[in-house]
Amino acid sequence: MTSLARDRRTKMAKVNIDVPFYDLDGLNVVWHGHYYKYFECARTVFLRSVGFDAPEMKRSGYLWLVIESHCRYIAPMRYGMTVVVRASLADVEHRVKFLYTILDKKTGRRLATGHTVQAAIHAKTGELCLMTPRIFLRHLQ
Amino acid sequence: MTSLARDRRTKMAKVNIDVPFYDLDGLNVVWHGHYYKYFECARTVFLRSVGFDAPEMKRSGYLWLVIESHCRYIAPMRYGMTVVVRASLADVEHRVKFLYTILDKKTGRRLATGHTVQAAIHAKTGELCLMTPRIFLRHLQ
Amino acid sequence: MTSLARDRRTKMAKVNIDVPFYDLDGLNVVWHGHYYKYFECARTVFLRSVGFDAPEMKRSGYLWLVIESHCRYIAPMRYGMTVVVRASLADVEHRVKFLYTILDKKTGRRLATGHTVQAAIHAKTGELCLMTPRIFLRHLQ
Amino acid sequence: MTSLARDRRTKMAKVNIDVPFYDLDGLNVVWHGHYYKYFECARTVFLRSVGFDAPEMKRSGYLWLVIESHCRYIAPMRYGMTVVVRASLADVEHRVKFLYTILDKKTGRRLATGHTVQAAIHAKTGELCLMTPRIFLRHLQ
């Protein structure tokens, strides 16, 4: 963890989501794969808050591809719930790792936790970056 | 309708789809918006059969954007069903219009019908083409 | 159109949506089928405002199945846009018809229009209702 | 691992998927959350081959909820690719754990690996089962 990013590491972004009917599955709960959409909504809020979301990434000459995703499902999300999705940065040195928590807004109950890991690659060559490019770290200062 | 496209107009592409669990909604039937994915699968089969799918479109310098979509739902799609999705070309002169039918493979029952309309635009300028570019018509001969 | 529903017919529900990255397609615009999700978000706001959303429908002994959907795409939705989705009730006598408009929040430009039609069926028998059940009309007073 | 399930543990289900255009994201690769749909397609093939898919689960009085999901992304999936998705059962004693691999059909290259864990609960009470119900194990014999 570079010192550059220390301040922003404690930062947490959050977003409220009303569980949409179209995300329910045949068991009447949110289908497990949709949680990654909610994670992404919170990650977007985080990245916009530091001024380095998808358009800025594209202009930087790097792409940040998701190389790992994980979710633990604690209690089902049901229609009528509003959930709070939180994203925070857990690591940026070699890879960009975000942690997520989903809470029931009404009760505060934790419904799910998860993480994603992104790796930077050079957009032109597709070559993997061993360290996170400095342009991203600067946005985290 | 130009004479160029006459032969291919009678052509019909089809694809079988096993209703996936993740496409069900809280009423235990396929959510209505997902039908447009099934339509697209059949349209892709059609376009590949004439050698003019998304990659060839891109190379042609034109984009074909969907400007209208429509679906009538006759009977619900349920888990366990295999459906046959048919796509045929209904018009190509000014716009590219595809018609779709979804049938229950087992019973032959018609489950849905629909259409999409696509307009060609110049990829560089975003300018709308009043007529379908000849490169597409040539693939329909 | 029954007089019962007259007042609520002029009502319009709306919801703001930040275009999510995961809804973009390979042309970098929102994929056309996803617009029906945005329509549903606004319809949900409408139905909740009259106290007759999915849970109340279920308790009423009727289901309202979507039997038709339609969308006209006027200008693409791109990442970074916030859109306003409006839903209003156009008919309730025999079928429940909602009209939708999607606007670019920043410019006010109209991006899409559409409609859905829902039919009531008896949940137990699956039998189609020729008229909209009175329990729904009462919520529109 | 009970001896009941030993034989079926070596079993592997697979399914071919043509990468659909609507699953691409703004970077022109399959969006990472969609991989869980492909995993589910292969899991469905597995469960149907042993005669214990969603409908049989429902009749058994138990639900198998996904309590964990994980994916590693090795190389992007692009439009035009056909991929082979493999599912195999890694554990059934306390939880049902499936492993997945996605391969490029043409080159045999491994594109992703992942797993899901499901827990059985009593459908009526919602109570968690500490051991996998025997009815599922019998189908694995």
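Letters are used for the chains, namely A, B, C and D, taken in the order the chains are written, and counting of residues starts over at 1 for each.
As a convention for this text, a residue touches a chain if its C-beta (ideal position, glycine included) is under 8 Å from a C-beta of that chain, and two chains touch if they have at least 3 such contacts.
Note that the structure is predicted; figures quoted are calculated from it, not measured.
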Maximum centroid distance from subunit A, chain identifier (CA atoms): B
Contact-richer chain pair [A-C vs C-D]: A-C
Gap in Å, rounded to a whole number, between the CA centres of subunit D and subunit A: 24
Gap in Å, rounded to a whole number, between the CA centres of subunit C and subunit A: 30
Whole-Å gap separating subunit C and subunit D, where each centre is the average of the chain's CA atoms: 34
Of all residues in subunit D, the ones touching two or more other chains: 21-22, 26, 33, 36-37, 40, 54, 79
List of subunit D residues in touch with subunit C within their complex: 21-22, 24-26, 28, 31, 33, 79
Residues of subunit A that touch subunit D when the two form their complex: 26-27, 29, 32-34, 36-37, 40, 54, 63, 65-73, 76, 116
In the complex, subunit C residues that touch subunit A: 18, 20-22, 36-37, 40-41, 44, 53-55, 79-80
